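What follows are several structures.
Two complexes follow with subunit A in common, the first pairing it with subunit B and the second with subunit C.
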Partner chain A sequence: MNPPLLEVAGLDVFYAPLDEEPRRHIVRDVSFSVSTGQRLGLVGESGAGKSTTLYALLGLLPGNAEISGRIAFEGVDVLAAGHSGLVALRGHGIALVTQSAMNALNPVHRIGRQLREAMPSGGRGRAARRARVDELLDRVGLPPSVARRYPHELSGGMRQRVAIAIALASEPKLLLADEATTALDTVVQARVVELLHELCTELDLAIVFASHHLALVAQLCDTLATMYAGRIVELGPTEQIRDEPQHPYTRLLFEATPDLGERKEHLRSIPGAPPPLSDVLPGCSFEPRCPRAVEGCRVRNPAVEPASHGGEVACLRPERVEAHG
Partner chain B sequence: MSAPLLAIREARIEYPVRKASSLRRRTQRAVDDVSLELGAGEFVAIVGESGSGKTSLANAIFGLVPLAAGEISLRGERIDHLSARRARRLRRGAQMVLQDPYDSLDPTLTVAEIVAEPLIVYGIGSRGDGSRERLVDEVLESVGLSPATDFRDRHPHQLSGGQRQRVGIAACLVVTPDLLVADEPVSMLDVSVRAGILDLLDRQRQESETAILMITHDLPTAAAYCDRMVVMKDGAVVEQGPVAQVVENPRDPYTVELMRVTPRLRQETRGVARMP
Partner chain C sequence: MSAIAARARATLRLANRRRATTIGILILSVFAFLAVFGPLIAPYGAHEQVGRPFEPPSSAHPFGLDGGGVDVLSLVILGARVSLLVGIVATAVSIVIGAGVGIVAGYFGGLVDGVLMRITDFFLVVPVLPLMVVVAAVWGPSLFHVMIVIGALLWTPVARVVRAQALAVRERGFVRRARAMGASSGRIMWVHVLPQLRGLILTNTVLMIAQAIMAEAALAFLGLESAQVVSWGTQISHAFSSASMSAGAWWAIVPAGLCIAIVVLACNLVVIDSGEARARRRPLHLSRRRPRVTAQPKALEEQVS
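Let's look at the complex of A and B:
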């Protein structure tokens, strides 16, 4: 069997203290894998470690970040080569699309030039590179005339499409999307999500889509991972997790998210707040907010175990299926 | 019949546009012929995308942008075209909850000072007899910042996003308004705390008959909390009506499209809505 496209095992990210702050443990023992064409969604509250996990994969974290664990791309452990191994992945295999396309684009260069710069160097003549610009724009549903435009001349949705085209210019196999549609209006957002879905299917592109927008993630991704306080606490097939979440936190996240047409009586907020990431808790980090917590949850940090939905869950008292009747 | 609490009639808002190439004055119409009424204790949402004019309309209620045409009345009294002083007195009953609780609170003030400021502005209570302090503590408790003694001396940076938004709401409620205009009150907050903030607004409406006008682009949230929904596009109202009707039987093509592309959490088959 082929190794998965991306394999992350036991990934830890610490931030070394800058002032008198304590050392912070941002990503805690995170393991997941992504195969060709797979769409993995990362959900969780702000500060759960979603973005840090994505940026760690590309070596884009600030200098005081300490990364350990295994990051293997196409079977090759890139972290073993240190920071330079991660940097080599950028533009060769993995590309990133961020939330704010306006900040990602250079305001003083035309779109065409920015697309050409993102192409792999060598091997292409001038004319071929220009043809490739048209092809990339067409791929994201934009007319060739956009190549001559500056970022400020484009709408938010068009800029996000350009950002995706730039990501595609390096012919990646994996796209990392960090709140890539959050700044867009509903209708535009739906079109960009449709585009991402299409790219995954037609180009066999894998995607890791980090977002706090649960409904959107559930719509785009076949696999769902819930992150809490730096850990992946539940991972598995989207539909099964949605229908039978095993981790109380996942269930509460779904209950806090309104579905169109659902009245307020069905909604609940999650009391409390995530723990500061400088804290080292002996037990489960969700225990202080968890309605199912028992004494043992305070002293034992649950290991990741196989769950009945075919994925995995880290909880001493996972939700039971019979609770649904 | 008595006048509605808030009545907006045929409101038009225009912004001047300056083009370097032209000496002529041009205007961009942001709100065009919008009429809207709000009764006591009603919870109404204005939904629409960025640029649809929903925030301009909210700002016009507070006189922050002038009307080019039309009128806005509060309890039957015109509040557009008033002198700043008279308008302020009238508007005491209408308060605005802002979108960004990270940006809208003065970082140098304590929670008690932030919440007491409207009392000072409107001359409610008096300094030194403890009446303002009592009002502040009461309102802090009522927005869930309880016990008030734990919160009154803190600064905004010592609070979570949800707690900050509660402070913002407390600063509105302390002058006992009968209208709250909330412009994207939860869009900056995590989904885990959103229901708590909206429940707080909803309770205020039920207990004190405070009318709430919520501006949002989040359709599911608007549909969950409001009685009526007003859909705006390109500065105009394209549809308004009871939530169930607008969500289940939208009539305007734009509303239909909006409902169709809103991601559903519990739809049976996953997949992405196809665009025509």
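Let's look at the complex of A and C:
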């Protein structure tokens, strides 16, 4: 097996208090790794810490954020060098496709210019850079004429494709996608996911795809990580997790997701809301909403342990296959 | 050729819709022409005595003569150069300072913003005219000093409006994207933030020219500009000091004053349709051009049959 391209271990993100508020613990002890060609999906509801995790990797969090843990890219611990280590990753190996491509493009510059801007500087002539623009546009399935257009002349799907092309322009090895398809309609979403899948295989690109759209993530990613209240509560191969989720939260998430394949009488919703992240939670953060919670869940925070599906789960009473039937 | 013709037509259409702007630009163009070619057009020299003092307007001297017997028409034409030059250079100075301070303060925010804006506040509350008088007096009367002094004191409003806009622009998605791609702060400010502010900066530039020209006249009137310099301001100053009003020679003072008023008016006309004023009106593309709608959707019918 390849050594992981990106290895995150024990990542913690705190937001320092602005006023009298307590310090908030946004990302809690998050560990995962991505190898070349691997597609990792981060799922969870809003506020689970998906975006914060991604932005932390590039040092894009606001000034009152405190990041600790280990972030190793190609075997080098970049966090050891502090913030500047993260800044050095930007445009060099890691590229980010942000939420809502509507805003990700500068309205006053033509697409071609924005693509050229993201290319690695130096070593390339003017003509070569222009040729590369066409190549990048072709990669994401857009005609070369798009280079002369302004963002407002493109549709949402086209803009998202351009945003991906811009990310590819820096020749990254790892693509971070933060809700990259959320602002698009379902058909376009599916196409963009297809495109990401293609790019991943053809360019040997690793992808970390954060989304609350579970079905989409399951379709794209080979590995799935469920986040809840800043923690990764379950991580493993997508198919196994879908078939036999071990963490009650993951199971409930799947039950709350419509699926064309099987008929569900009702989509279940998960009652309650995630706990405020300021709290120091003694027990499991999901305990108040968990149907399987027992007394012990309230006092002991479950550690991440190997699960029967080959991944990991953080639960005192993980669901067994027998539990399903 | 047809492309050029189409472009010309489009420009004319725009000129017709933006009459105020067009008229303002035409007026400014006339004065710019005078400023560049003044010495070739002016019938007499600026220090040339062509008759007796305060000779009233006549066919030979349409604007009459001033207290030194110099042709006022020639003075007005020759004065355009210095007045516009001061206006433009001082404006350039203050726009560069103002936009620079504003964009840096707005983009970085926090402590940088606080420090820069407090400095701006300081310059804002300093009474501009007395300070100009003091600085010009200390440095001595000179055209260059006047330009720098005006430029260094008029930048504060620009800094404030630019900062306010930069604050909004820096939160836009493309700024974050550029940062994620490894763009430096300087690059983001120059390539991504500044172009978003160009309308704002352009509007302020034009208005600033008007202000700077008036400031120049004020300084010249107070005798802080070299007396050898020929500008509308020094003309008014000379006319005043040679008691033209008590001599009833209104023609020595009115043309220069009128020129200043017209240029200031023209500057305001240019920008009256832009920025905030425009935002409150119906957008152009809604008011005139409408999408073409065909009564019967042929393609659809064919598909059905």
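Going forward, the second predicted complex is superposed on the first by the 318 of 325 C-alpha atoms of A that agree within 3 Å, B and C clash if a C-alpha of one lies under 4 Å from a C-alpha of the other, contacts with A are read in each partner's own complex, and residues count from 1 in each chain.
Note that in this section a residue touches a chain if its C-beta (ideal position, glycine included) is under 8 Å from a C-beta of that chain, and two chains touch if they have at least 3 such contacts.
Keep in mind that this is a model prediction, so the values were computed, not measured.
Chemist: Once chain A of both complexes is superposed, is A:S269 in touch with subunit B (first), subunit C (second), both, or neither?
Modeler: first
Chemist: Going by the contact rule set out at the top, does A:A206 touch subunit B (first), subunit C (second), both, or neither?
Modeler: Neither subunit B nor subunit C is touched by A:A206.
Chemist: In the superposed arrangement, which partner chain does A:A218 touch: subunit B (first), subunit C (second), both, or neither?
Modeler: Touch partner of A:A218: subunit B, not subunit C.
Chemist: Where does A:T186 make contact in the superposed view: on subunit B (first), on subunit C (second), on both, or on neither?
Modeler: It touches subunit B, and subunit C stays clear.
Chemist: Between subunit B and subunit C, whom does A:A118 touch in the aligned arrangement: first, second, both, or neither?
Modeler: So A:A118 only meets subunit C here.
Chemist: For subunit A, which residues belong to both interfaces, subunit B and subunit C?
Modeler: Looking at subunit A, the two contact sets are disjoint.
Chemist: Sort out for me which residues of subunit A touch subunit C in the complex.
Modeler: Residue positions touching the partner: 58, 60, 63, 87, 90-92, 95-96, 98-109, 114, 117-118, 163, 166-167, 170.
Chemist: Quick check on the complex: what are the subunit B residues that touch subunit A?
Modeler: 49-50, 160, 162, 190-196, 198-199, 202, 217, 219-221, 223-225, 247-248, 257-259, 261-266, 270-275
Chemist: Show me the residue ranges of subunit C that touch subunit A in the complex, using the header's touch definition.
Modeler: Listed in rising order, the residues of subunit C that touch subunit A are 110, 172-174, 176-183, 191-192, 195-196, 198.
Chemist: In the complex formed with subunit B, which residues of subunit A make contact?
Modeler: Result: residues 45-46, 156, 185-191, 193-194, 197, 212-216, 218-220, 222, 238-239, 242, 252-254, 256-264, 266-270, 273 of subunit A touch subunit B.
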